[in-house]
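This report refers to the structure that appears directly beneath it.
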Amino acid sequence: MSDERTADLGFARVDLERADRTGDPEVVYGAGKTPEQVAEILSTLHERHPDRAVLATRLSTEAMAAAAAVGAEVHTVARAATLGPLPATTGRVGILSAGTSDAPVAAEAALTVRVHGAEAVEIRDVGVAGLHRLLAVRDRLDEADVLVVVAGMEGALPSVVGGLVGTPVIACPTSVGYGASFGGLAALLGMLNSCAPGVTVVNIDNGYGAGVAAARIARAVGRQA
Amino acid sequence: MSDERTADLGFARVDLERADRTGDPEVVYGAGKTPEQVAEILSTLHERHPDRAVLATRLSTEAMAAAAAVGAEVHTVARAATLGPLPATTGRVGILSAGTSDAPVAAEAALTVRVHGAEAVEIRDVGVAGLHRLLAVRDRLDEADVLVVVAGMEGALPSVVGGLVGTPVIACPTSVGYGASFGGLAALLGMLNSCAPGVTVVNIDNGYGAGVAAARIARAVGRQA
Amino acid sequence: MSDERTADLGFARVDLERADRTGDPEVVYGAGKTPEQVAEILSTLHERHPDRAVLATRLSTEAMAAAAAVGAEVHTVARAATLGPLPATTGRVGILSAGTSDAPVAAEAALTVRVHGAEAVEIRDVGVAGLHRLLAVRDRLDEADVLVVVAGMEGALPSVVGGLVGTPVIACPTSVGYGASFGGLAALLGMLNSCAPGVTVVNIDNGYGAGVAAARIARAVGRQA
Amino acid sequence: MSDERTADLGFARVDLERADRTGDPEVVYGAGKTPEQVAEILSTLHERHPDRAVLATRLSTEAMAAAAAVGAEVHTVARAATLGPLPATTGRVGILSAGTSDAPVAAEAALTVRVHGAEAVEIRDVGVAGLHRLLAVRDRLDEADVLVVVAGMEGALPSVVGGLVGTPVIACPTSVGYGASFGGLAALLGMLNSCAPGVTVVNIDNGYGAGVAAARIARAVGRQA
Amino acid sequence: MSDERTADLGFARVDLERADRTGDPEVVYGAGKTPEQVAEILSTLHERHPDRAVLATRLSTEAMAAAAAVGAEVHTVARAATLGPLPATTGRVGILSAGTSDAPVAAEAALTVRVHGAEAVEIRDVGVAGLHRLLAVRDRLDEADVLVVVAGMEGALPSVVGGLVGTPVIACPTSVGYGASFGGLAALLGMLNSCAPGVTVVNIDNGYGAGVAAARIARAVGRQA
Amino acid sequence: MSDERTADLGFARVDLERADRTGDPEVVYGAGKTPEQVAEILSTLHERHPDRAVLATRLSTEAMAAAAAVGAEVHTVARAATLGPLPATTGRVGILSAGTSDAPVAAEAALTVRVHGAEAVEIRDVGVAGLHRLLAVRDRLDEADVLVVVAGMEGALPSVVGGLVGTPVIACPTSVGYGASFGGLAALLGMLNSCAPGVTVVNIDNGYGAGVAAARIARAVGRQA
Amino acid sequence: MSDERTADLGFARVDLERADRTGDPEVVYGAGKTPEQVAEILSTLHERHPDRAVLATRLSTEAMAAAAAVGAEVHTVARAATLGPLPATTGRVGILSAGTSDAPVAAEAALTVRVHGAEAVEIRDVGVAGLHRLLAVRDRLDEADVLVVVAGMEGALPSVVGGLVGTPVIACPTSVGYGASFGGLAALLGMLNSCAPGVTVVNIDNGYGAGVAAARIARAVGRQA
Amino acid sequence: MSDERTADLGFARVDLERADRTGDPEVVYGAGKTPEQVAEILSTLHERHPDRAVLATRLSTEAMAAAAAVGAEVHTVARAATLGPLPATTGRVGILSAGTSDAPVAAEAALTVRVHGAEAVEIRDVGVAGLHRLLAVRDRLDEADVLVVVAGMEGALPSVVGGLVGTPVIACPTSVGYGASFGGLAALLGMLNSCAPGVTVVNIDNGYGAGVAAARIARAVGRQA
């Protein structure tokens, strides 16, 4: 059953008015979907709204290829793809990541921010065990309207960053680690218990969610990029 | 050792320049402190900065009395006290709570928002099991620059609210519940796994942290109250 | 050792009088069984009771093929198969699911209901983050004698549904999610702590168990379909 | 703010139309409320609806006394009170409990059933370690439209009962136990993993929730008591 | 470095006097070892003690083949192999299992008992959801000197058995189950919290450990088989 | 309702034939019972069976006094009482404990063994951090038919003991510890994962259960004391 | 039974040669002991070894008074007491603590270090949310032979310190926090997952253990104080 | 962006001054890196500092081959590689392991110690279930400046070792085990709760971290090898 508001692809009913309701773009969550399904949903959404980008996340290598085959731009590190023109940006989000292994989650956050209409600036490899790296970029932190801080293992980076700035900080734990990291639980608990006030937290590896929240704040704050 | 920047009360070294660094007011975390200690820190901070409010949270009944005795205004439901004039407000924070038992955490969040320079509007008893109550206040949600959503038990309210608005949503789980709520863990996990994108989460019962984060966003967004 | 009451297939002793004792049909739990074993048990049970359906659940793609080869009807989404004529139905079960990924569990529940002698009506994609979809089907909820509500992630849907109706509600959490969903634990805890009174819960991904419980209630209530 | 639909007592907004919406009576959850608050809510609700009972649960000894002082009937074992005439009953609920220590939860379930309009029959001390006691009451199990099974420790009773009957079974774990019972977690997990199909589960110590669910089923099944 | 007491195979130092110290046979734990390593250790131990059996457990299909190639007898269900003559038996161990999926653990327990010098009698498919099956073999329980009870899911069988007999009962939880069974945790907790006094418990899936403990008791009790 | 087989005291139905069925004495679990209830049950059971002992465990100081007042012998360290003549003993149980704080659990185990008809020999303060103490009593370990090993904190003692003897070993974890002992969980997990084969485990602080299991084994082994 | 090596006080057997064996002083763990017992053990140990200090930890206010009454020096913040002359020191231990609430654990660590023969230097209130405080004492970190780092909440301090120095770092988590700190679990996991190599960890609130480990290292390194 | 202090390889920014800052060598953490990436980082670091060794850990078989191809020495058991000359050694670290399966973690610790400038002496197969093996090497324990103790399952070895020596002991739990070992959690908790004072702990399977900590201590203690 397809109508104006939804497109029924058999395996999924695609909501075509989401962007109107919330101001956010359409997003395809790729986990558990076949490459063909990802490509078909991307195409369907793009046809309805050719003037704005559709985002697909958590893509396998095969799904990235299928997305490319229907004209999408592939973002390899973020394991994501976009189809359609990106929006103009309002506001700026700084995205800090602690270690090299956190890169995919940080990249997903950055791409999500961009697709949701804010500028994304990535600052990488500023883990707390090498404090000089963070202090070296201290000034750049103040240039952002909101910060996303991505870290695995003990997840200490948001506490240190949160103590340096008055900017809103969104902490994103990753599953990077082993043993007693318990799949990111250690980082998650660390961030929830941050001694720096004003830090809020999203689910483990949820770069997308961190990006949506940050973009909403950046757009509201409204520095024109 | 006391100097210009800190006041050493013996049992605590009080940081007197915190407000200058971060734009946030001084805060006394009352848990584990005697009523006398709470009163003394409040007084010391107030003397240094008589022109702005000091906030004390997590106060026992006795600590609230001791705070009142040194001139502080006591906020019984929030189990908190303030000493000194409240700042002018910029931006507005809506604070929704699910049930009557969530009131203390919601009140702590609201007071924190106000002390941190934003307007706080509380909307109570809008738990998801009586959806008509939430839908009845639907329009008021859009009047806020950011929403704090406080809930215990299954913690479902942020997901429902997050699906209705494009505003940033900060979810605050409470320890209200019993048995398999495991002291608020069920609500915390529920909020972290919210199917509504853009919801961020703070620690269990952390109304203060939710308030700080919300106030920072509201002030940045900057609608003059 | 085979007798009138059991059939010993070597790898399993099949109970042939279960239906007489409980009023429920024979069921083959396919997980951990080879395609050949599934097919052989289906055939054996069907030969003894050709007049009523046998249900096989949790089938691999190979096991579904093997079941089809012995004449069974395959239900792909539910990953299940039935062999023999379905019973007449008494009572009606409404089966709500939150998201597309919950479809296999919802389909298993629906098929189980049907095989256990009640009518099953599926209502899909009514997750709480898009409340208008649930409210649009509000009237259909009252047409069921009992509701099965299937959801992963934060598992909030049963609370919302339980607040709308006076009908018995059986909540079925799914393992859909990642990170702090901990394989469905978040949804399970959310449902156990539902603020809507009268919600009962089954194991994670246990569409079969939810279906059995719902069918028993629907048959007892006894509206003839 | 009080109106026709709610009564605002300052510390709580009492919903006066709940019974009309759901068919269930008003209930006061006593945990965390003062004896005075319990008594006042009971009185207020009774004045509005003098023709039907109000139920108060989880009462301290002092709250039970305060309830008695405003005319309520106190149910000591259930730690509950009712004010107003009980409704006529439709359908019958059997409530089994494993050990003596499970009595308060079983009594809360039984009283809830009765207040919600169904007959409640308690069968006590039928724990699985003394199977002869359960088998001795085997016939009485079939006389109920639905069974509530209350057990702590390993929570095995619902599995045994569920294998004996085709009646819907609602399992209610209790926090009875010590050490690795982890406050009822062992019983909860045991019941969720029951090998008897058709068993559904409520939160630990949630006799009230089990009673509401059972009464709804019993009323729907509709054997006139 | 090899000497009279140990044989150094490079990848493992094999203790050749263990049987003398404890009265137990040599055992090779196959998990994590290559088929070649399993075969080599079996052969080495057998050469030193050709007059008594060596046991290898937790074997892959390939390791079972490699064991067979050096003359060992393979026990497929138990995923184990023995090399050398089995000892005479003293005492009798009854091994009960709840469901078909528990068979490998029960078989490992039975073989371990036999290799450790006691008679093993298996009783299968006596899960608590079909109590008549257990009651039908009631008399056979008394013929054993000690009982091993193997069950997954809710792990209720040891409680029921422990209430029927005065014999020592060793409960062995299995990882059979899904969702909230958490890999056998539910069964483990159920058994540890058994309301039947005198039940002791081993690790999840530890049929070997249950067999060693049972054989020691049976040999001590000493009924000649 | 009282009859020949049970005595109904209002708050409990006392099973008077348990000893006949299982060979074990009557036991009153004192936790959650008032001193008066403990005394009354002790007296009732004693009157019916004046020729054998009744055991009451987990007694408060007040309950021990009440038990003494009806003629029971009080065992202060074990927090238990016995009323009636102790049985003759068959077999011997060695009870080892690691530290001073483990004494109450070890004493409960020893008294339970004695009341259940076996000799109990306690060996105290042989924790693994002072190995010389354990090695000094090495010979005494072999004099027991079965060993109960009581330890808190890391629970390592059963592994060390289990490596020294071929005797059955029952490990009893205690809640002695703090922080990451998590109420005895660390000791429990340690014992379940013992690298010494043949160790079985009971619930945390369950000296009674360990004693029952050990006495049954000792009586079966049957060395006349 | 008392001899040269032990003193049997009835409630405890005191090991009088521990210091000779390990080079560490005698220590009385006060938790769970009466004030009288603490005082008696202190006195007994002091009489045997009047030339060196005895340490008592985890003392209640009453036990501190009892210790003072037998001549011990009381250390209020550490909740500890010492009796007898402190040893000369070798090596230096730096003890950093994050917040005011961590003071008791840090003080216990410092006193333990001192009693075990090393110099202890405390550096307080250097939590990561105010990085300038830590950086201000950067030079003092290098003056220690080993560092003990005490922190609750998210436990991030050891990672930051571990990235600044090449000195051995012992991390001690505290139970300071609430909600998802789970009694210190968050800090413990954070420290175990530290991204700074070379950090080792002790149990939650175990200032004593951290102190013993640090003193052993400092003494071995051997800078004469 | 590459400069004097870092080398930007595209997929990673390599810190070239780490050794100068901390005295530790460069280390490549191989998990999650391709064989080509491992080889490239090894080569780059070696070119900058040809006079000292670079260490790569957690290598797949393919990564070990790629490392060998660029001239690195491969350490198969440790799953690691080194490139460049090893440093002279100061101090000695004893590395004890409990069972054969713990060998890879122990080997990683030993290699890390050696690369970090201390002598490493391995003592294998001294698990607590065969105490004679540990006691046979008792004298060798005193020859080390610090001990690393590696064990899985119940993790009891550090407690036994810690009771024998006054040397600093670093405990390293491994994930060896199954069922209720929960991936090494049982061993980790056992070690954190050790009754032997002075034991510190690292993350599960973190032989590298144990090695770094031990080498720092050994170098500081400074016995010239």
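Each chain carries a letter (A, B, C, D, E, F, G and H) given by its place in the written order, and its residues are counted from 1.
What we mean here is this: contacts are C-beta pairs under 8 Å (C-beta built on N, C-alpha and C of every residue); 3 or more make two chains touch, one makes a residue touch a chain.
Keep in mind it's a predicted model, so treat the numbers as computed, not measured.
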### Query
What is the shortest path, in steps, from chain D to chain G when you may only step between chains that touch?
2
### Query
Among the chains, which one keeps its Cα centre farthest from the Cα centre of chain G?
C
### Task
Round to the nearest whole Å and give the separation of the Cα centres of chain D and chain F.
36
### Query
How big is the gap, in whole Å, between where the Cα atoms of chain B centre and where those of chain E centre?
57
### Message
Could you work out how far the Cα centre of chain C sits from that of chain H, in whole Å?
### Response
51
#### Entry: Set of chain B residues in contact with two or more other chains
130, 179-181, 185, 188, 192-193, 203
### Query
Mind giving me all the chain pairs that touch?
A-B, A-C, A-G, A-H, B-C, B-D, B-G, C-D, C-E, D-E, D-F, E-F, E-H, F-G, F-H, G-H
### Query
Considering the complex alone, what residue numbers of chain A touch chain C?
11-13, 15, 31-32, 173, 175, 183-185, 188, 203-206
### Interfacial residue positions of chain H with respect to chain E in the complex
100-101, 124-125, 130, 178-181
### Message
For a test of understanding, state which residues of chain G touch chain H in their complex under the given definition.
### Response
22-24, 27, 145-146, 165-170, 188, 192-193, 197-203, 208-210, 212-213, 216-217, 220-222
#### Entry: In the complex, chain E residues that touch chain D
98-99, 127-131, 153-156, 159-160, 162-164, 177, 179-182, 185-187, 189-197
